[in-house]
Structures are given as C-alpha cells and as structure tokens.
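I've put the structures underneath this note.
Each of the two complexes below includes chain A, the first together with chain B, the second together with chain C.
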Partner chain A sequence: MAFKIDSRVGVTSAYRWRQILSNYIFLAPVVALNLIVIVIPSLTSVYISMTKWSGLNQPEFVGLANFERLINDPIYWKSLSHNVIWTIFFLTIPVAMGLTGAFLLSGIKRFQMVYRVAFFIPYVIASVVNTELWRTLLHPRHGIGAWLAKQGIEGFDIRVFGSKHTALYGVAFVDSWHFWGFLVIVYLAAMYQVQPDLYEVAILEGASRFQRFRHVTVPGIRPTLVFTLLMIMIWSVPAFDYIYLLTDGGPAHASEVLGTYLYNMSFFRFEVGYAAAIGVTMALITAFIVAIFVILRRRGWEI
Partner chain B sequence: MNRLRSGRTETTAFNHVILFLLAVFALGPVLVLFLNSVKTSEQIAANPFSIPAEPRFDNYAVAFEKGNYVNTVKNSVILTVGTVIGVLIVGGMGGYALAHLEIRGANIIAFYFLVGTAIPIQLYVVPLFFIWKTFGLLNTHLGLIIIYCATSSPFATYLIRSYMVALPKEFIEAAKIDGASKFQVMTQVILPLSWPGFLTTGLIVGLGVWNEFLIAVTFMHHPDLKPVATSLRAFQERFTRDWGLTNAASVIMLLPVLILFLLMQRRFIEGLTQGGMKM
Partner chain C sequence: MKRLSILMLLTLFIMVGAVGAQDAVTVTWWMEPSGSDDHVQELIIDVFNASHDNIQIDYQPQESINDQLRPALQAGVGPDIVWLAGNAAASQYVAGGFLLPLTGYADAYGWADKLLPWAYGAGIVAGELYSIPVTYESMVLFYNKTVFEENGWEVPRTADELWSLAQQTADMGLVPFPYGNATWQPSNEHLMGIYLNNYAGPDNVYAALIGEKAWTDSEFAEATDLLREHIADLGWFGGSLEDYYSLGGNDPTAMFASGEGTMMMSGTWMFRGLGPAFEETGMEWDWAPLPPFSEDADMQVGPYSYDLALGGNLGVNAATEHPEEVGIVLDFLLSDKARILELASTTGFGEWVIPLRYEIDDFPPGTDERVLRFHSDFAETTGAGRYGYTAWTFWPARANQQLWEAIELVWAGEMSVEEYLENHAAEWAQDAADGLVLSILPRE
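Right after this comes the complex of A and B.
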C-alpha cells in the first residue's frame, strides 16, 4: 500500500516537473532577447573597459588604466557634474509643474480632458521634432528673443545653445518642456486615489488651497511622488537625445554629459575601451541610486 | 452644502486661469511650428508668431520630395510594425507565463525587468554595435527590430501581464477542464480577452520606435534604409537656413503621431502612466 502511494507521488512529481519546465518555454523568447541585446553586451562592456581598443585592432588588456585615466580627466568630472545639475533641474522644475498642474486639474471637471491632452502632447512628440522647434523659437535673430527686442524688450536675443553659460540649462529646459506633462498625468492618477473625505474634512476645518495641497495631497500621493523622483534620477544618468541634438555637448563641453561624452569617445574618437569605462561608471551610478532606494525602503521609510 | 458649492465655483476660475497658461506653454510652441511650416524663412525672421496671409503649403511638397519621405516613411513603418509584432508575441508569451503559469523564480525575472530597464543604454550600446557588425546585422532593418524588441520587451511583458492578471480565473479553469493545452488556453482564452492590453502596448511601443533616435543613428547608416527620425536630422543639417522647409519636414513626422494620439489618447495615457509606474 505504502509503495503504491510512493510510486504515484513519483509519477505526479515527474509530470509536474515537466509541466513547470514547459512553462519556461513561454518566457524563453523574452529572456533570450534580453540576454543577447542587453545582458551579454553589458558584461562584455566590463571586459572592454579594461582594454585599450580602437574597435578595429586587437583589444589590448590594460587592467584598470582606463579608470585611472577617468579620475584624472577634467572633462569626465565636468560631464558628471552636468549630469548632477541635470538631475536637480528635473527633480525640481518639472516636478513642481507636474504637481501644480495635477492639483489644479483635480479641482475641476469641465475641460479636464482637454487640458490633459494639451499637457501630454509634447511628451508624444519625437526629440528630433522638439529640438528643431525650440531651435527655431530660441534663435537669437529669428526667435522669441529677437521678436521681444523688436517690441523694445532687450536682453533675450541671446544664443541660448551657443553660449557656455546657458547651453546646459537651455537644453534641460527644452527636455523638461517635453517631459512635465507626463508627470501631470501620473500625479493626477495618484491624486484620484486619495480619500475624498480627507479633503472634505480639510475644507470644513477651513484649510486653504495650499494647506490642502501640503497636508492632504502630498502625503496622499507620496509613494507615487517618491517613485517618480527615483525614476527621474535613474533616467538622468543616460540623458542623451536632447543634448546631442541641440548642442552635442558644446560649446567647449559646456553642456557635455556622460552620455554624449561616451558616445563621441567611442564613435568619433574610436577610444572604445575608454568609452566602455565611462559606461561602466554610469551603470555603477545607477546601481548606487537603486541601492540607496532599496536600503531606505528596508529601513522602514515609507517609499 | 450651498456655501461649499459656491466656494467651488469661485476657486475653479483660478484653476482655469493657471491651467490655461500651462496649456499655452505646452501647445504654443507646437502651434508656432505648424504656422512656420507654411512660411518662408524671411517671413519667419520677420515675425515668428505671424499668421501667414498666403500659407505656403508648397513647403510640404518640397520637404516631402527632398526629404525622400516616401522611402523614410516606408522604413519607419517597417521598423514600427516589425517591432510591434515581435514585442506583442514575445511580451504576450512572457506576460501569460508570469500571470497564469507556475514559474519558480518569477520574482527574479520580475526584478530583472525592473533593473533591466534602469541599465543605461550606454553600457551596452558599444559592444552591441560590434556584435551586430560581426553578425551582419548593422545597417539592416532586422538588426534594429531585434534591438527595439529587446529594449521594449520588459515594459511590454509587464504591461500585458497586468492586463492578464485581471482576467477571471474561471475562464481559464473551464478551458483546462475541457482539455485545452497551455498554448490553446493562451491563444483561445487569454488572447481574445486581453486584446485591450495588446492594443495599448502596441501603441506605446510603436510610438517609441517611430520617435527613437539614439539606436537608429548608431545602427543605421545606409541612407536608403534610414527611418524618419534620423533622416529628418540629416535634412535639418542640410537645410539649416530654410526654417520653413525644416519645420514642414518636422510636421510631416509629427502628424501621424498626433492624429493617432488624439484618436486614442485614453489608451496612450493609460499605458504610458500605468506601464511606466506600476512596475
């Protein structure tokens, strides 16, 4: 009797194993694609970062020489500092605009859909189009500045993307013009999850609009808010399109970020090993950001 | 209650003023792009905000012809449709497995999808370039489609999964009792029920491919095979002084996206916000 049960269990478990194994066939394509395109090249990058390689000759193993060079490369540090400025810019201005837009939208019913669509349109437009559009608008002789100068308002007809003082902020402005509407929609969706009676209590207690925003809305959407801040930090590391298209890091590296520096290093200066080393540091920065987030969460921060 | 309601109407006026200004900020530049696309460079230089008395629709014909749009639109359509089909198959299978099949280590895969989307593309773009060169995938549509499928598949898998998880389990159980295999359950039960998820995912992935720049500029140098995005860039560099023409060329790229977005904005917004944030 006991033997019989055992054998039946054996049959079932072998059958079950086959069942579970066949489940993985459904996951195989997506996993294989990611291995081929992302994981394997990423690991290869770690090896390439320890070589001197032009992309044409045989790679020559040089250990950590590329990383030593990075430490002494002022343009690398300049680019990194620009990534930090870029991150701070995106953590403040588009987030503030997104919160404002969403909060005001949550208070109205009429035309809400119209505003939502209007705010979202720049987000669906390609970087090549958006940069062209703003290059025209901010042109010192044909754009808004020149038009204002003609109306007697001087001082705005400057070369926004051509001056080393304004290039980085100009590009960040254009990219955030494209991005903030996305945040409006994300925050608005979160605001609808906040308990409506909390607002009613706040109104009955005489809370002003700003007090309601500060003490009801912000705590209510905190998980979403923190998550968007994390995503902005992660997305700021590989920032590329708008900078490449508007200034290509110039003038004189004034708007250079890690993404453009690496790109030009590998595809125009053929220093592939050095470029890979820059890429590895970018991945480490991302890992660091994610790790901080995970640690804070483990420590019981409600994020 | 009455006082509350009157208070409401008072305050929404303020909301509308600010929201209107924000809408002008968002759409004004796009409107100027449309206006300038039917003007000459001289008219733009004179006043970028003027409404042209005689719109030069000729700009579109010239841009369409000189920008070789017949060809570049065809290339972009191949890339977009190819990627969307590939991603929906791959992501649909993956999403089904994660939602309804027993997968040991599903957490690890989910974690990879989360972290995988955070990996900066610059880490793998350079080695990938040389791998693609070795396998003859450089300067081919297939090569680009494979990359696009890979970079958008974690997102697609997750989004499709979230639609499939919401399906009632009874349907699946009933099909299993009728003796349907896993594959039959997927194609005959899950697929017909979760098509909105597929539609949303397809729209968002398609939008991403149509607009994509970095991968296209790196992996496609053949002038006849370039998509709209990178050839528009080349066009802008060729006609730097001809604002009307480059603006018209930009509008041609933007128009299909804008029309599709306005028709299906609920799906776009739902997918982009949920998919991006629910991970």
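Right after this comes the complex of A and C.
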C-alpha cells in the first residue's frame, strides 16, 4: 500500500467530509424549498399574529393582544369545539365505513376492481362538484327529501344545511362521503399484507368472520390504521373547503370551524393579524397532536 | 426587381408593425367575472383597442379576485386597473397606499360632471378620489304581477298594506318574500339595510353614519327586531328561517317566477335574472318602491325613498407604470353613455349601469318600460333628497361584516338585539379609530 496509516486516516477523514458535504448539497434544494414555503412563512405568521395588520397597511406590533382577544372570543371557542366534533366524527364514521368496506372487499374476487373504483371516485372529484351534488340532493324544495314528501313519505324533508342543529353534521357527512373511499383503498392495501396463514389458522380454530376481523385483520393493519387516525386528526384542524362551500360556517356560526373563521377574519374584515393568531393556535394544536403520537411511539407503541 | 420590391415592402411593413407593437402600451385590467365579460370585451375593450393604436387593454376576469388582488398588489405584480369589492375594500387599499389618487384625472377629464354626485362622492377617501363605480343599484319591491292580478291584490303603498299582504300570502301557503343566503351569506345585509332605512328612516341612518347618532338607539333596535320577527318568527323570507339559509343562487327567483313566492325585497340587479325566469313560466313581474316601515312621519323622508348602492368599484394600482394611459382608459368608460347603456342592456340593466348622468332618452330603443321607470324615478326621487344608504356601499369593513354575520345570532335567539347593536357600535368605533369610516356627502 502506498499510504502510511496516518495518511490513510487523513484520506478516510477527507472522504467522510466529502460524503457529508455531498449529502448536504443533495439536501440543500429540499431544505431551501422548505425554508421558503414553510419555515419563513411560519415565522412570519408568528410575527404577524403579534401585530394589528389589515394585510395592506403597516403592521403595528401589539404583543399578545390578539391572543388575549382569542381567549375572550366566543366564536373562536365555538369554532374550536366544532373542530373537535369534526375530528371525532371523522375518527369514527368514515374509519368504521372504510374498515368495513375494505374487509368486505378483501373477501371477494369478482368485480372487486369495479367496487374499488366506485368507492374511490368521490375522492378524486373536486370538492366544488361534490358539494353542488349534495346541495342539490338535499335541497329543501327539489331534493330527495322533498320528493319523498311528495310521495307521502314524511320526515326526510329537513333543511340539512339550513338548520343550526344539523349543518355541521350535514357538511361532515358530505365530506366523509368523499373521503371514506380513500380509506377503503388504504385499508385494503394493508389487509393484503396480512399473512394468509393467520386467517387459515383462525378458520381452523373456528373463528367467525367478525372474530377474524377483530383478532387478525385489525392487529395486522394496526400501523396503517393508527397512521390514518393520526392523519385524520391533523387534517381536521385546517378543515375548510366543504364547510366554506356548503355553509360558509353558518347558519349563526353553527358550522363555523377555525379555518372558515380565519378566512373571514382575513378577507372580509381585513384583520390579518388576528387571523394569523388563529392560525398560530391551529399550528400549535397540530403540533400537540403530533407530539402525542411521537411520545406514544417512544414508549413502544406500534405506530 | 419586382421580387425585390415586394421583399422591401414586406420588410417595411414588418418594421412598422414592430415599431408600432413596441410603442403600444398594454393596460391590464382585473375584473370580477360577471357573466357579461364577452360583452365587455366586445363593446368596450375591442372598441377601445381598435381606436387606440398606442394603448391596448388586456381585460382579465379573475375568479376569487378578492383573494388574489391583495397578494398581487403587495408583490407589486398587480394589474393597472383593479376591481374592488366596494368602498370599504377601497378604503383599506388606500390606507395601505396601494391605490393611485384619481383626483388629477377627475379634474382633467371632468368626471365630477359625468358621474352622479353621490356616486362620485362615494369614491372619495380623505379628500381624494380613489375609485369610480362600476354600476349603481337600489332596493325595491318586486312583485309577481300575474299572481297579484289573479288575486285582485293592490301593490302595497304602506307598511300596513305590505305586512297585511305578506300575512295573507303566507296564510295561503305561499312564500311572501322568496329569499335566501345559501350561496352568499352577506345577502343578510340586503335585508338589514332595507329595515334600517325603511323603519328608522334615512335621516337617522345618515346621522349614525356620520357619528351623530348611536347605533344602539331605539329606532335601530326596533328596525332590527322587526326584521327578526319577520324572518325568524313568521318565516316570511324563504318560507322559514331554515329555508332562508337553504335557498341560494337562482332558487328565490325560480320560486318568485313560478308564483310560489309573491314579492321580493331585493336589488335592481334582479332586472337581469327576472326576465329569463319569467319568460320560462309565462308570468309577469313588476316592481314598486318599498314603502316606509314606520308610521312615524318624523322618521321618514316622504312617501318612499331609494337606498343608494354601488356594485363594485374600479381603482388604479399605485404601482402602475402607465398612469396616463390608465386615465385615458377610465375616461373612455365614462365618456360615452350610449356605449355603456348598450353594454348594460346585455344584462337587462342589472349590471354595468355606470352611474353617469343619463337622460331617459339616452336609453336604447326597446328598453323595458319597468327599467326605464326605475331609472327615471330613482333620478327624480334621489335628486329630491329622498335616499337611504346600503351597507355594502357606506359601511366600513368590520362593521359591515358584523352587521350581516352576527345578525344570524339574533335570528337564532342566541343574542339579543341590544347586544347585537352594542357590538355593532363597538365595531363601528373601532373602524372610526382606525380612520376607516367612509366619507358621506352631506344630506341636503
């Protein structure tokens, strides 16, 4: 060998540094992109949340005044409570439907692709189209309920989006209608990863279909299941499009969520500083959710 | 030789064309899409471009223009001419220094003599003109003439007659006032504006607008409570409060044109949609001024009045590189009444009626008599000082938003009228403290 041992160390060290440098060079574009579209706007938002700013004039630094105002703003708390309801709704109804749909689909061979496509189609249709579709179907004058009432079948001609008692759940239903097909496909893909031997053993042991689902399928897809639950919780914080399109947070704030409240503050009232404060609290809530999952994972949960 | 001549000629044409193209200034214009954009292009933009070699307008209707305009102007890449969602929005852009004062153009081109005084005045912020109006409108009582004739009803001229007829139609299973806000929540302000002006009276509203009267005064409380009773308790608007929240888009017009609804308290932008809807059903519509809602003569300004309203404004980006050319474009808009009325006629005179000083003879032949009657009576009545104020034209942004949004809490029984008006006064005070209350021309 031409090198002494010291030289070899030097070469190895230089090689390692080159490797580290090249790693950073390859990472640089992504880091730069994230700096531009995430870090800088996020830090800017934190600053804006501490200003009184219309989005057009010179920002005036007001410290934590916007956050103090949030604490005493009943509509903010009402919106937050609706986000909680929204999250619970999506953690239960679409997940249950997705699991059931995927489990039933996993058991059939013929026309499975047809069902998969049928379930998935609403997910790829634009929210504007989906909302118009359901607005028409649930229209109080010419929707399904009105038609049934004309046939003498009463009780279904309710004003789903017009009643403060049903507006939030009505919008959540429409959103989940478009979303559950996505969960079906995700869960179905996970179910195919479960070892078939486990099902065969369960059958030999006399397990019913539900018992196979409960004791084989669910544990088998647990990482996927928990991941979707995490994503649902995170996605529920900035929920916006279906609510904005169907009720715009009304009537009387009955379907207001943080996203629509923030939007109205910014674009109708020109209170961008206050809107940013709402946004910061949304980011903190999301961070809190992620932190819980990280802690659970570190404690050994399989998620 | 002949080939050489042709070649030289062609080269000359290309050079002249290139020089011409270099000299032509392009003025970009962002506009809220209105369904009339093809007509605007044909009757305004193409005509202008054909008659001005050195200026070309690039007309760009923008979806969600409110969301796009702010970041565009902040980034310094906005258009030369901007559409603004009313005077409140314009004042915010003025406060940020994003709009060019137009007073110089107005003086040079005599815009004060071309526009209706109140419409010209509405564009003034801190003594400078910053925007010109796109269209003017007012609130009236539309009624289904066919249903009225079938039932032998007279057009209501007083509040008693109006409310009595509303109750009668409701008892018949009809909807007195088909209306809804499902697709545009701020529609609430149409009704709030009508009730404030027609119950409390335009003089009182004016006094509150200029800070000489409290929004919490009893006249405004009674007006707000009257609307609450009509919309929430009696369900006169849409059929029920839940119907009102469920109806949107063309629903109310369809109900009105089918005879399911008998009257509409709405704006004259409805001139556009009523024609086609009634053509389908074969019924007839007409309109009448809204009567005063209070019997107290001291609060009223005559047998009836019209609320002043503007539907959008045009301003100029302070960062425009072509201020002179933009002035020429705007003056082109304000200088030919016949051209504007021709454009307005394509919308049934529901939009693009720039508030110029029209004479009735300016309207094109064949204009609907009902439209002519409105414009004629509007000019005469408002000229006599009998006019009120719509919220989207004369209210500052925060107070305006609170007016139409928080009223739903009153209707839902979650907030008292008193608390609602106290909040309104507080929002107004905040707007005033920020210098965003709009200037109002003194009442004569």
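Couple of notes before you dig in:
Note that in this section the second predicted complex is superposed on the first by the 269 of 303 C-alpha atoms of A that agree within 3 Å, B and C clash if a C-alpha of one lies under 4 Å from a C-alpha of the other, contacts with A are read in each partner's own complex, and residues count from 1 in each chain.
Assume a contact is a pair of C-beta atoms (placed from the backbone, for glycine too) under 8 Å apart; a residue touches a chain by one contact, two chains touch by 3 or more.
Everything quoted here is computed from the prediction, not taken from an experiment.
With chain A as the common reference, the superposed partners chain B and chain C clash. With both structures placed on the common chain, the touch criterion links A:R141 to chain B and to chain C. In the superposition on chain A, contact is made by A:G250 with chain C only, not with chain B. With both structures placed on the common chain, the touch criterion links A:G55 to chain B and to chain C. In the overlay built on the shared chain, the residue A:W177 is in contact with chain B alone; chain C does not reach it. In the superposed model, more residues of chain A are touched by B than by the other of chain B and chain C.
In the superposed model, A:F267 lies in contact with both chain B and chain C. Residue contacts after overlaying the shared chain place A:L198 against neither chain B nor chain C.
Once the two complexes are laid over each other on the shared chain, residue contacts for A:V218 go to neither chain B nor chain C. When the two structures are aligned on the shared chain, A:P29 is found in touch with chain B, with no touch to chain C. In the superposition on chain A, A:G162 makes contact with chain C only, while chain B stays out of contact range.
Superposed model on chain A: among 27-35, 45-53, 135-143 or 171-179, the stretch of chain B in collision with chain C is 135-143, the rest showing no clash.
Common to the chain B and chain C interfaces on chain A are residues 55, 141, 267.
Contact residues on chain B toward chain A in their complex (touch as defined above): 4, 7, 11-12, 15-16, 18-19, 22-23, 25-27, 29-30, 32-33, 36, 44-45, 47-49, 89-91, 93-94, 96-98, 101-104, 109, 112, 115-116, 118-131, 146-147, 149-151, 153-154, 157, 182, 186, 207, 210-211, 213-214, 218, 229-230, 232-233, 236, 243, 246-247, 250, 253-254, 257-258, 261-262, 265, 268-269, 272-273, 276-277.
Residues 66-67, 70, 73-74, 92-93, 95-96, 98, 181-182, 185, 240-247, 251, 255, 397-398, 401, 405, 408-409, 411-412, 414 of chain C are the ones that touch chain A when the two sit in their complex. Contact residues on chain A toward chain B in their complex (touch as defined above): 19-20, 22-24, 26-27, 29-31, 33-34, 36-42, 44-45, 48, 55, 97, 100-101, 104-105, 107-108, 110-111, 114-129, 132-134, 136-137, 141-144, 146-147, 177, 181-182, 185-186, 189, 203, 209, 224, 227-228, 231, 234, 237-238, 240-241, 244-245, 258-259, 262-263, 266-267, 272, 275-276, 278-280, 282-283, 286, 290. Put simply, chain A touches chain C in their complex at residues 54-57, 135, 139-141, 159, 161-164, 167, 247-248, 250-254, 264, 267-271.
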